[in-house]
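One structure coming up, written as structure tokens, with questions to follow.
Think of it as A, B, C, D and E in the order they're written, each chain with its own count starting at 1.
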Amino acid sequence: MPASTLDVRGLSAGYGPTIVLEDLSFAVRAGERLGILGRNGMGKTTLLSSIMGLTRHYGGAIALNGEDISSFRGSERARRGVGLVPQTRDIFRSLTVEENLLAGIKDRPRNVIQEAYEMFPRLNERRRNLGWQLSGGEQQMLSTARAILGRPSVLLLDEPLEGLAPVICDELMAAFTRLASSGDMTILLVEQRLEAALAFADNVLILERGRVVWKGSSAELRADDRLIENYIGVGTLH
Amino acid sequence: MKTLPATGGQVLRDVVGVVAIAALGVAGYFLFPDNLALLTRLIALALLALSLDLVVGYCGIATLGHAVLFGAGAYAAGIACVNGMTEPLTLIAIGAIAGAGAGLVMGTIMLRAHGLAQLVLSIAIVQLFHEAANKASAYTGGSDGLAGLSVGPLFGVFEFDLWGRTAYLLGLVLLVVVFIGLKFIVASPFGMLCRGIKEDPIRIRAMGAFVAPNLLKMFVISGFVAGIGGALAAISTQVVGLDSISFELSANALVMLVLGGIGTLYGAIVGTIIFMGFEHIVSAINPFHWMTMVGVLLIAVVIAAPQGVSGLFDRLWSPAGRGGRS
Amino acid sequence: DTIKIGIIGPFSGPFALQGKNFQAGVEAFMALNGKSVKGHDVEIIYRDLPAANPAQSRALAQELVVKDKVQYLGGVYFTPDAMAITPLLKQANTPLVIFNAATSAIMNTSPLVVRTSFTTAQTTTPLGKVAFDRGIKKVISVVSDYGPGVDAEVAFKKAFEAAGGQVVEAVRMPLNTNDFSPIMQRIRDSKADAVFAFLPSGPTTLGFVKAYNDTGVRQAGVKFLAPGDLTQESDLPALGDGAVGLLTSFHYAVSHDSPENKTFVEAAAKAIGSPEQLSFPSVGAYDGMHVIYKMIEATDGKQDAEKAVNAVKGLTWTSPRGPVGIDPETRHLTQNIYLREVAKDAAGKSYNKEIQTFANQKDPGLAAP
Amino acid sequence: MQTVFSIAIDALAYGMALFIICIGLSLTMGLMRVVNLAHGAFAMIAGYIASYAVRDLGIGYVVAILLAIAGTVAISIPLERLLYRRIYGSPQLTQVLMTIGITFCVIGITNYFFGPTLKTIPLPAALSQPVDLGFRSVAAHRLFVMACGAVVALGLWFFIEKTAFGIRLRATVDNASISEALGIRTQAVYTISFAIAMGLAAFGGVVGAEFLPIEPYYALRYMVTFLVVVSVGGAGSIPGALIACLVLGAVDTTGRYLMPEFGNFFFYAAVIAIVWVFPRGLLGKAQ
Amino acid sequence: MNGVFQVDNLSKAFGGLTVSRDISITMKEGARLALIGPNGAGKTTFVNLVTGQLRPDSGTILLGGENVTRLGSVRRVRKGLVRTFQVTRLFSDMTPEEHVTLTVLQREGRASRILSRFFNDSAVAGEVESLLDALGLLEVARRKVGEIAYGQQRLLEIAIALALKPRVLLLDEPAAGVPQSETPRIEQALERLPPSLAVLMIEHDMDLVFRFARHVVVLAAGEIIFEGLPAEVAANSKVREAYLGSYANARQHA
């Protein structure tokens, strides 16, 4: 079994003076698909941002392939293989679709953006449009495509299905599964739709008030309605 | 059904604020009896800063041409005075009306544009007015200034003399009255609407309210206030110069306002006091280097108190106020 | 006891050099004539007024009188600033000695004003006749569009046309013009023999003279006439060779050849730091101090503005610029005006060389009712 | 006809000089979103360096330009680190306050060290001669300025729109934290862009010194002109700035020829007219 | 009767891209219509056209029988055509109470008054309170909007829209960004809407759509490809292919 790709130990982080995450630990091995669940405002987004290096770090270590990256700026982490699809999409509103993609390729050759167009033909049609002109769902696609083009070894997905048509959701989840199972991408997924999350993830982490309150496999969670009711607040699965 | 408790704390705070301003003014009268001309000028500029705050702080329209409104008031009062209208309160009224008129013109033009282009329109307008005042030297005295204002005594009793007591007290009363008036305006539905427009005009439209007419209305009110300031300056100085309708004055007013903190009426007054006081003290100590000093002051304020000085007070007042939600 | 004198001038801002010259003149005078008059110590209080701003001017004057208890006011660079002060004088019982502000009308606003500088009309008028005598028949006048500029245009036109010449065109350009090529084109198109120019001294004069040289107007034979503001000594180094040969008329040149001026220049240069920065406002200030000292003498240190002013009416003395006197009627300075040409001295430095003197000129602006 | 041509030449040269100075400001305002009112102060610093190099050290004109650019950039980088970095993303008015403060300081310091008088930058013989264009002789320097303007416009346009760095710059400005997450070193991007803007200011300050003479109040005197030109063009737009400079330069120059007494009037009337028709500036982007 | 709201042959293109092509929709009083379709189909654009943020290239919009195509967005709101935004647009420095009070005053034409106090009318205060209560916002009524949870902000959007007493309400993804556990709040709010109000909702959350809608319109590439009852949607092969994907299967099994 390979050593863990990402190893988070005793992480505390937050915004300005506010500490949101407290003493949080978990590990992910290469190629693993980890689902992160939890109610609204429990710190899921904050966790992904902290791994990316966009929040204020208060303590603890984040090891990527054995190297502690917790003191690095976001750009250095990105160059070492962390990639993020943020909840708020955060596409570059004043850049064209194509330029958005080019901004994400790091030092790879320009023509790799064809990969993105194959994945989302819709983006190809809109390649000369400015970011702000895109529809909500198109922005979501662009954000995802941009992150994937950077070839991250650890991909952080924050509610990537939000605002997408059901059919696109299916395709996208399938694509994520392919990327992970090809073995060279580790994926952390935050998702509100329990079904989609459980179908995708091998293992699940439940957050409450900035702490990990449950860890286990998706199968275990799926079997335990009471747990779901307690921590996630949605009624039982149909 | 649960009910909300009644509001009331705000009113008390406003009363305290107004009393504080009046007290400060009276204290100034007794503490600096020899500097009343300077203090009167300070009041006139505080009126300009207040008027600017209405537009910048409450409507979100940046302007570097606000002296147009001030200058309109000053010249209107000055020209009226030279032509035999010497009753001071009438002159103030004339200035206010002229300022409001200038506000209408300026607002109409400026509201056409957005963002930087709008800022630039304001500069262009003030330069054009400046040029016009210079050209119309038959009425304005051009670059020599409009001199020879002999203002009659206030209520027929109190002369505008060398010591400037009458002018100062008149100015102080005007300031307090205007301040109270503005407090009412910013707390009115209209004031709230303007705050909304500042944050998101599209949202306001979706609420079914027009944006431009309301902004224009605020411009007119702002002009009224600035016009009072201009008229006060004209009456107390008895000369109106081209500087009262210049870009420099507009820029200074904006600097004072930002220094004090925009969007609170207190900020306008605090900023004026700090800027004028600093300038006065430093230029008396070392006239050759005051510019560098003022520069350092501005940089220091941005670093120490990005919200303006009154923002700093707010922060000190309630340390948990800003970042403390957890 | 100590007698305080309040001096208002531009000690910072774009005109700071002029303010420095005020200060140099004052300090030179006190260095040469002592810091007390008849046992009354003299103290100077400087107040900064960077640009024309009448309201500020009035506030400063009021503060000087009321708070600092000055007996005399002096200085003042800009006309509107002077206009804001004069209404105060009577009540303040304080004379104002103007070191610079050059509009004729100031003198009419209060009987307590005395002026030791010049007016634009005064320095310009002799130029009209000189021009005609030198064979110039047609002139285009180009002035900055503000008070003194218009005064200069009017005065020159009057004098020149009285002598028989013709002003073919009169152009007024905005104060902040930077690029003078279009103006030069216009000068050439006017086919005039010479250009009469007036701009306030500073960056623009330099640009103007440069454009005059660079765009070929000079090569085309168009002569250059101007009051001395355009070839102010402090600008000459920057103007370089381009200035040589320019004809100007003025009341004072730093190079004026007289023992009084030598002493003055030495003392003033010491006060200002570097002699290149010395120019005409210093002599206005120097003579202003002379007048104030006379006033102190006459009143024996008592505050009596009317007596003080009366005492200097008709006063004559030899100033660094030559013989001068206070006209008892206008309280303005009667003085010599010199025609000068920019030339190079032995060391290769440019200076204003006086080539003709017009003695005892009054202010024509005030002479006419 | 001849007059028309010579006015056109003058207008073009003046417009181009304005363009070179202003384009750096357009970059900082449009792309970095910093209203840098101290822009002219840096152009002025460059002017002083060049003047000192040519007049006091006897260095050649071209070398002096390079020296001035290098010197200005060297001065600007610590300022970026210490001061400008704090106002990236602040409200515009805060930026105005800070950069006016910087301008005041620069003016005060220059005044103290170099005195209030004008500094010229003598041109080399090749540039100071008139060149005969057939209908009129034009100072060679004017042609030089026009050429410089064209080179700057094209080079900068290519740099911003077509290179990877240009994309990174625009991305950083649009959303700095996400740019970080994509591996863009935003601090370096900001520093480099700021340095480029200052380098352009420096270049413009030196070659434009014939039009806008170097003296301590330069920074304040032309602040409004620069701000106006950039905003009329639409901040951040190179073609916009170019058109604005040429149009306003032409209006200004023609106005000064035909009716000098109204020169300023035409300039600002044109500004109002343009903004009336293009409420976001000539090529300003709607958001 | 033609219905309270009628759109005829609405078309709009951005450059070469046609975003709306001959769209016609009619809504009667009390209608509950869901507008769904793939990303970039033109749903938000449709709302923008109808409410006046964008100008249509052709077509007419009738509100209560009156042609409002040429009216500005503000006038349409005043005539009762009200929308919410896909991404909340609120004033982060103001409280929910202030938002709703301002809206009510505006509806009554009193929002531009200078000479009255903002909070001194008890009738207005009562209405505001009951609105906030209805949406469960009383708790946070006096907190700055920037500090309250996103789900509550979405509810406030709806509260503002309701305060305008609309005749036609257009909801653009009201549940977007609201966690699944909070959507019931929105549903409850929707259930309590006045029965005579015509409501159009855009949403990608199909569970919500099917619980809410009595009529469904599917838009794809700017064209209406399906119109009918919710029960029929999942069965339509075009809609399945273009939009629903596996959801259709899930639904048919459920």
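In the analysis below, a contact is a pair of C-beta atoms (placed from the backbone, for glycine too) under 8 Å apart; a residue touches a chain by one contact, two chains touch by 3 or more.
None of these values were measured; they are calculated from a predicted model.
Student: How many hops, at fewest, get you from chain C to chain E via touching chains?
Tutor: 2
Student: Based on mean C-alpha positions, I'd like to know which chain lies farthest from chain B.
Tutor: A
Student: Please work out which of B-E and A-D is bridged by more C-beta pairs in contact, and write that pair.
Tutor: B-E
Student: Centroid of chain A to centroid of chain E, CA atoms only: how many Å?
Tutor: Computed value for the inter-centroid distance: 30 Å.
Student: Would you kindly tell me how far, in whole Å, the mean C-alpha position of chain C lies from that of chain B?
Tutor: Each chain reduced to its C-alpha mean, chain B and chain C end up 37 Å apart.
Student: Starting from the mean Cα coordinates of chain A and chain C, work out the distance between those two points in Å.
Tutor: Computed from C-alpha means, the inter-chain centre distance equals 76 Å.
Student: For chain E, write out the residues touching at least two other chains, lowest number first.
Tutor: none
Student: Going by the contact rule already set, what residues in chain B reach two or more other chains?
Tutor: Only 131, 289, 291, 325 qualify.
Student: For chain D, write out the residues touching at least two other chains, lowest number first.
Tutor: 111, 262, 264-265
Student: Contact residues on chain E for chain B in the complex?
Tutor: 51, 53, 73-74, 77-78, 82-83, 85, 89-94, 97-98, 101-103, 105-107, 110-119, 125, 129-130, 133, 138, 141-142, 147, 160, 164
Student: Could you pull out which chain E residues touch chain A in their complex?
Tutor: Against chain A, chain E makes touches at 14, 37-41, 43-45, 86-87, 149-151, 173, 176-177, 179-182, 204, 206, 241-247, 254.
Student: Write out the stretch or stretches of chain C touching chain D in their complex.
Tutor: The touching residues are 13-14, 16-17, 20, 142, 145, 171-174, 176-179, 181-183, 185-186, 189, 202-203, 206-207, 210, 214-216, 234-235, 237-238, 240, 274, 276-277.
Student: Which residues of chain C touch chain B in the complex?
Tutor: 11-13, 16, 19, 46-48, 51-56, 58-60, 62-63, 65-67, 79-80, 83-84, 87-88, 91-92, 103, 105, 109, 145-147, 174
Student: With touch defined as at the start, can you tell me which chain B residues reach chain E in the complex?
Tutor: 1-4, 7, 184-185, 187-193, 195-196, 199-200, 202-203, 205-210, 213-214, 217, 221, 325
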